[in-house]
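I've put the structures underneath this note.
Look for chain A in each of the two complexes below; its partner is chain B in the first and chain C in the second.
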Partner chain A sequence: MSAFSKNTSRTWSIQDPVITNRMHGIIGGVSSLLVFPHKDHYKDDREYPSAVEGKIKLYQVESFSWLWSRQARKLINEAMGTFISLQDAVKEVEPDDYKSVLVKKCREYRSMIQACVEDITMCRECEGDQEELTASGQLLYKMELILSLIEILFIDKKPGGMILGQLLMWIRSHFTQCIEKKNEVMESDHPHQHSAYWEAVYGSVLQGRMEDARHMLSNHPFADTDPFLSIDELLRKMPFYQVYGGVSVAEFTVRWQHWQSECERRLQEGHYSTCHQLQTVCKILCGDQKTINNLIDLMDTWYHLMVSTLLFTCPTVKLFRLHSAAQDAIACVGGEQSTTPLDHVLLAAMEADILQVIKECQQVLDNTWFTAHVTDLLCHTMGQTTDQKFLPELRESLLLDYVSVLVSHCSLWQIGILYLDHLGPSGIAMSQTVLQRLPLTDDSRAHKIIQMASDRNFDSVVVGVCRVMGRRALSQGRLGSAIWWGVRSRDAAFTSHLAHQILQKYVVEGRFESSQLLDDLGPAMLLSDTLTFLGKYREFHMMYQDGNFRDAAVLLVSLISSKLAPEYFWPVLLLDALPLLKSEEPVISAEQTYELMYCLHNLHNHASKRGKQSSLENEATCSAFLEKEIDLRLALSNNLARAIIHEGSVDN
Partner chain B sequence: MEVTKKYVARKIKTVRWKPPTTDYGRTDVFITGSWDDLDNVVEVWQVPETEEDPSRLHQLPHLGSVNDMQYITRDMFAAGSSNGGVKLYQHDSSNHLEEKMSWDRAHTFVGSSAPCTALATNGDQIASVGEDGNLVILNPNQKIPIRTIESVGGCSVYAVVYVRASEVVTANMQGHLKLWDLRSAQSARATLLSPDQIAVCDLASHPTQQHLVAAGGEDGALAIWDMRNTSQPFTIISAHSGPISEVRFHPGAPEHVFTCGLDGQLIHWDASASARPTHIPSFKNTRDPSGGSINVWLSSDVARGAIETVSVIPYSPLPINSVDVEGSTLIAGSDNEAIYMVRQVLLY
Partner chain C sequence: MVSVISNVETGHDDMIHDAQMDYFGTRLATCSSDRSVRIFEVKGTSQTLIADLREHEGPVWQVAWAHPMYGNILASCSYDRKVIIWQEDGHKWKKVHEYANHDSSVNSLCWAPHEHGLILACASADGSFSVLTSTAHTWESKKITSAHSVGCNAVSWAPAVAPGSADGTSRSGTAVQRIVTGGCDSYVKIWKFDSATGEWIEELKLEGHSDWVRDVAWAPSIGLPRSIIASCSQDRRVIIWTNDGVTGVWQPRELNTFDDVIWHVSWSVTGNILAVSGGDNKVSLWKESLEGQWVCLSDSAKGQPSSEQRTL
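Right, the complex of A and B next:
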């Protein structure tokens, strides 16, 4: 198959003999691809019968992540809380409590995975795609299995490096078949006659559940005979090492060897010759490799085999010897050939090779959630002890991968942003990029983006969002909304543009469409000159309406003389002055009249200068104004005369 | 006080208790609406008697984000969608939902649909507001809106509330509160201005004293308005560090107010300290207006801003979008795809 790019703006063309015509593809987004078949354009359409041609369809191929399924959403949301509290906790916590914090957080992750498994089991009973649910369940099981092993081997290290106790707990909680079998057997009428009776006994012994094994044996009709009493004693007396048990390793070893030699003695002396099943139990206790290996069917996996073998051969095993034990166990179950990717992860963990663990995890689990969170945990753990330099970088990069999955989903972007807060400079950069590019579907989404951006002091993002909203409102003809967003973004140019639009509309229509808005601009008015003018002009209207002519006149003249008004608006202002000039009581002083006259003069000059060049539209307004000009001049001179007399008489 | 958090795999925009079947009854059923997802839903939940999480009873797909929901009667509610439509659902006693009526283009911009932002109801009609700035009055039995009051300037309206049977107050992005008398054909009876053009994100009216309206602002402050004095708010108290998304008076003990916000806080405002000593507020006996503290919200303590505020749920970095309270149990929906439930919320 050959695939090559044709240099037509990111449209890829795939040529393959199997595909009758070519296929084309365009990258449609972060995680989508648009694919469509090639169609030649012939000049003569009749060459192909229309039935064959059909319509060309565009196929959108999107990457699907398990993380987008409903089952995973709970995990994503809950993990976010734990992740953030972990980042905060490691900064504040005392070095002594460091480990316990990490262990606690690791257990939180595990418990949320388990809760998801439970949800899925509940779902399976009532609804949904069974296959998908089963796959989800298995995936979650694997994640939990790996995470708990990582907790034991890397995070919750016990003093002295004794790990068998924890490994045993790990096996017990993940392989519950023997307990299920035991319950089934014990519920039957005659437990000892049940076909799985001895399997359940062996299974319990192999997991070190001695109490369960003894309970089952005591239900046997021959429980009072010597062989049974003897094995009961051995099971009861088996020593278990406890880290904080107050017994030193050396002392434990002595006790344990003593106990095992007692087992061997009884075996050799033929205590159990009458009952071969008890003999098998005793052989397990003696750590007989062959016997344990033969019971592999009860254990399913090599790691169960490994732990069970270690339990009866080397209970004080330390981490560094675990690897060879694992290799032995794998050899028993069929060697490297039969291992699965999951086995590789576990093996890598037992080799204490962090990098390998993370690598293998990426292959076994098709989601970035797990690797990202595990790497974060490991990075914090190792940051304390060793100098694994690659870890912080790896953590950042894997978490960024995870976030990029989150933000490419329409609904999970907020969680993505919260993760980015803890990912250093590249996180902040990505956070800004993401917030800028989120589709602004409605106001409430815009407000949420603004809130997130302003919490992080991304001023440019806030301004950007407001501008987009403002311009959209403008294109929808919602001037009020547009001005609000413009003021919000402190975008002087945009608000000026809007104010001009309102003024021009006023020139044409003679009324304000959004007067309410303009009345209450408040301090926002000061953002741009035009907006200030607009606000003040509106104030003039209010005064005039209220009959407060004197103040209105002062404001009007100051508006005219301050040159805040755009030139196309001057005629309007001067015409507004007309009724004031004609009012019975002179409200415009001589000084103010001069200003108006000066303004009129300027306007006249401008108008006559541009007379011929101006467009038809302007001409119409100009000529309309010129008609009134005579009227205006008359009124001005009359008012000037009145004002001079009035002022003179008041002075006297 | 005990807080439970249930993850529901969708961001929750609205939570509402189903009203109790009688005035003195209790309710254990609530509805939620999601937003911003590929497929949004309206869901019905039941709170079990035991201390368990609520369980889902019914789910119905919903076109667009569910921006608001309001019960009109005890078994009928309206839902406003981000695609500009309002839908009427029947919520029967077996907790099954059924669509009864739909006004698909209640709110429109030129050529496209405008999100419906909030709904209010007085028991027999629905008032709907949207980003187009219009106030649309709908009759549940009538396909055509009874009345559409168009805005000037097209400022998005974010909240609406009935203060009397025929009077509604709307609030818009500029912080203007307008009082409309639906019987008269005139424009707004009064305009109330929040200072500094702070957008008002939600309104709530006092369950018994309807001239009292609480407004949650974009700056995180709660303003108390007395509709008899429209020149300025009675008091403004800041508590949230981000926009307030919803305000609710406790229906039975209205000296308690709950607000939630984009800063992830859910705050309990307790004004009962400024009331004269009265009997302990309980759901049953404060419904009658004579009982309890009548003017707590207009007391001098409140005016000074001396009011007790307590954060009800642990801090969440994501917005809490909606809150509702009935009896002693509070529910809230968040962008963390979780429903919070707080039992015994008044007693701590």
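Right, the complex of A and C next:
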């Protein structure tokens, strides 16, 4: 929407003396360009001595769109709703209702544009850059004008191809000056003396508002005279074709010709010779081209002129003849030289050249909000016809362009993702890329992205986000949270690494990080051996705390004998066994005791072997353990004796 | 239709050779002839310097961010023949690995798609390129010598899309690893990792440029089976190589012949826009039209903006 931005040309310049010498540009992030001063480096030659004057600055350049403005926000949101419901509706709807769905959706788009225009008008009264707001308002008005013409010509086609009735409505709703003028005139004390009285009458007639024209004429002091009564009769009797009016085209044509020859007769017979204004009205009714052309100031545009002319010369005009009528009207207002881009769009529409319509729009708008939605509508409308093969591809491409603008915005990206669901494989690929690249500012953002990704079965995205979050939690020292993310990302190596860290921390500090989280792992603990061990070891703690010593002992021994435990943790396990070995009731069986003794033996061997070559910290741990070793051996042999006696006596 | 949203006073004492945004666009790394690598935190339109890394002994040519699932890791390469891998630990950035196995300036580097693991490729003026792979505790390297005679200027990884999953729904770890390189011998070469032998083998040699190839960039996958590579050269041309994924043939199409040497090509994240910058002091953006033509979207250039104003 070039009208909104100050820099519309395709070339944009950066004013910086340092960058003048050499510039380099690299795409950074989802949508920005990094531009910085740079020098030819002949990488493999010698090092270049350099003299830099001024500060070395780097510029972040982004495309600026009208879509970022506050007024556009509602439009973006509402358009998304309509777009999504349209995609769903066309899949489900019966063929007979297809057209009515599309017409309804088209009108939704139109009304949201109109609402946006109204918002802007309200804004203008209180704030903002007036010039820019006015320009936005005008542009939106023009978009709506184009869209309603597209609705008439392509979407809401009537049986028999009769279009004048719709075109007349189109002109009436977009050119309301004559009504405003009429109201102003009629509110004055002596309407017929108002300078705009006759202009308002002509204007009403040219838009086929015969009731309005008659109302005004009836307020003239001479309303009871013959010329006024005569013109009133002609205005009243003018036939209008109605598509569902029950009158055939042929019958209508006969009636209409009869009516117009009556107009011509009265004109020739001089019914209005006393009043040249009424003569003008009658000449309009007769379809006198010169008279209508002379009133161009009341119509502003060639398309108003075209519709007014057709109204009185060819009321049964069909779409395929519209083009030549349009050319005639353009010639009348000064030919091609004076046409604007808007004129080109409308003309292309009247030539039924969809591609040209989209092209013309695209060339003047700075984003694809309008063309993407229009193309989508047209694509669904023309879905069945085979000669418009380019439409699906064009639809996808324009919508992807629109979405790529949305997804680069910090809060509009979610809307973008919803569009991408309807854009085929390219949409899926972009959706995945975007979801992976959203900054993970906090946990809730991460959860939101994961939710959106899993709704779409983007497993790799979910795993990726979890891994990033896990890695981040680890770097911040939040091990419990890191484990949680690691489990979600099903990353065995990472969770093993984390489980080791938690165990090592336990060895040093004697307490668990985020024990609650570890206790709730459930089956997820099976992801890696170390994690399984960690989870089971927590279970042992719980049992022990609950006083369930027998089960705790069984679990502990199985943990020791299963070799799940990392070696550095063996001393801890054996020391954990100490109170159980010393408990009043023997809870560790003879066989289990042998296991523990075997384990202790191994550990002793390892420790003494490593003692010769190990680092200081290891030595410290080892010596601490060795101190307790004697205690442990004593407890083991005591327990063994007790267990053998106990087991022997129970057996008997 | 474009606007400068911010400008960063980089604090570099000399020209910048490369600037890269991290994966999320929240951090910016720059490198310069002043031998330093600088990292900035980007928040909206403001930037804060968070690290100034000075370990290189020559101009630093390029920087590259690893995927954040491996942590905050940055790699840089320099005229001093070294590649340095930096990692953020807590709030401190430090060197975690140095690779100095090239005999000349290391010109370019690129991280592999994260699906393959933490793997870095770097290209050197000694005509070879290396692939560094992170294993549990160390970095393993493999040097592919005589890749380009006179020198290897650029390296870029193929996106990790497994064959037969063109829609990207099942990007699996089984995707073939491919690298594209460009060199002083005017060739663009595609290399494939043969997992059976563990060797990188030259798969294809693309001939089209008539002078040193300055940069190559493999386009990200946009959900279609085809692959695209952009290459630019001293011969002032940019060539787009397209492989439709069916015939396996790389079809060259010349983007444009520019007024000066083209130094750099880079793809947008969504893979449909190519940024080209060269000695003509312009950065231009290109997009493929539906008819398969590459068209220029806009330029960013030094000079007065034209007064052409179009309205509807």
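Throughout what follows, the second predicted complex is superposed on the first by the 579 of 652 C-alpha atoms of A that agree within 3 Å, B and C clash if a C-alpha of one lies under 4 Å from a C-alpha of the other, contacts with A are read in each partner's own complex, and residues count from 1 in each chain.
In this text, contacts are C-beta pairs under 8 Å (C-beta built on N, C-alpha and C of every residue); 3 or more make two chains touch, one makes a residue touch a chain.
All values reported here derive from a predicted model rather than from experimental measurement.
S.K.: Quick one: name whichever of chain B and chain C touches more residues of chain A.
M.R.: Residues of chain A touched, chain B against chain C: more for C.
S.K.: Output check: A:366 vs chain B and chain C. Expected answer is one of first, second, both, neither. What do you get?
M.R.: In the superposition, A:366 contacts chain C only.
S.K.: Could you tell me if A:293 is touching chain B, chain C, both of them or neither one (first, second, both, neither)?
M.R.: A:293 contacts neither chain B nor chain C.
S.K.: Considering only the touch criterion stated at the top, classify A:561 as touching first (chain B), second (chain C), both, or neither.
M.R.: So A:561 meets neither chain B nor chain C here.
S.K.: Looking at A:460, would you say it contacts chain B, chain C, both, or neither? Reply first, second, both or neither.
M.R.: second
S.K.: Considering only the touch criterion stated at the top, classify A:548 as touching first (chain B), second (chain C), both, or neither.
M.R.: A:548 sits against neither chain B nor chain C.
S.K.: Of the partners chain B and chain C, which touch A:447 in the superposed model: first, second, both, neither?
M.R.: first
S.K.: Could you tell me which stretches of chain A are touched by chain B in one complex and by chain C in the other?
M.R.: none
S.K.: Give the list of chain A residues in touch with chain C in this complex.
M.R.: It is residues 2-3, 5, 7-15, 19-41, 43-44, 47-48, 50, 52, 55-65, 135, 139, 142-143, 340-342, 345, 361, 363-366, 390, 393-394, 397, 400, 404, 424-430, 432-434, 436-440, 457-458, 460, 464, 467-468, 471-472, 475 of chain A that touch chain C.
S.K.: Can you list the chain C residues touching chain A in their complex?
M.R.: By the definition above, chain C touches chain A via 1-21, 23-26, 28, 30, 32-33, 42, 58-59, 61, 67-72, 79, 88-90, 104-105, 107, 114-115, 125, 150-151, 153, 166-169, 171, 184, 220-224, 261, 263-264, 266-273, 275, 277, 279, 281-283, 285, 290, 296-312.
S.K.: Within their complex, state which residues of chain B touch chain A.
M.R.: The contact residues of chain B facing chain A are 7, 9-11, 35-38, 65, 67, 82, 109-110, 112, 115, 117, 131-133, 151-156, 158, 173-174, 176, 191, 193, 195-197, 199, 201, 218, 242-243, 262-263, 316-319, 335-338.
S.K.: Tell me, which parts of chain A touch chain B in their complex?
M.R.: For this pair, the touching residues of chain A are 70-71, 73-74, 77-78, 80-81, 84, 410-411, 414-415, 418, 441-445, 447-448, 451, 455, 473, 476-481, 484, 487, 513-517, 520-524.
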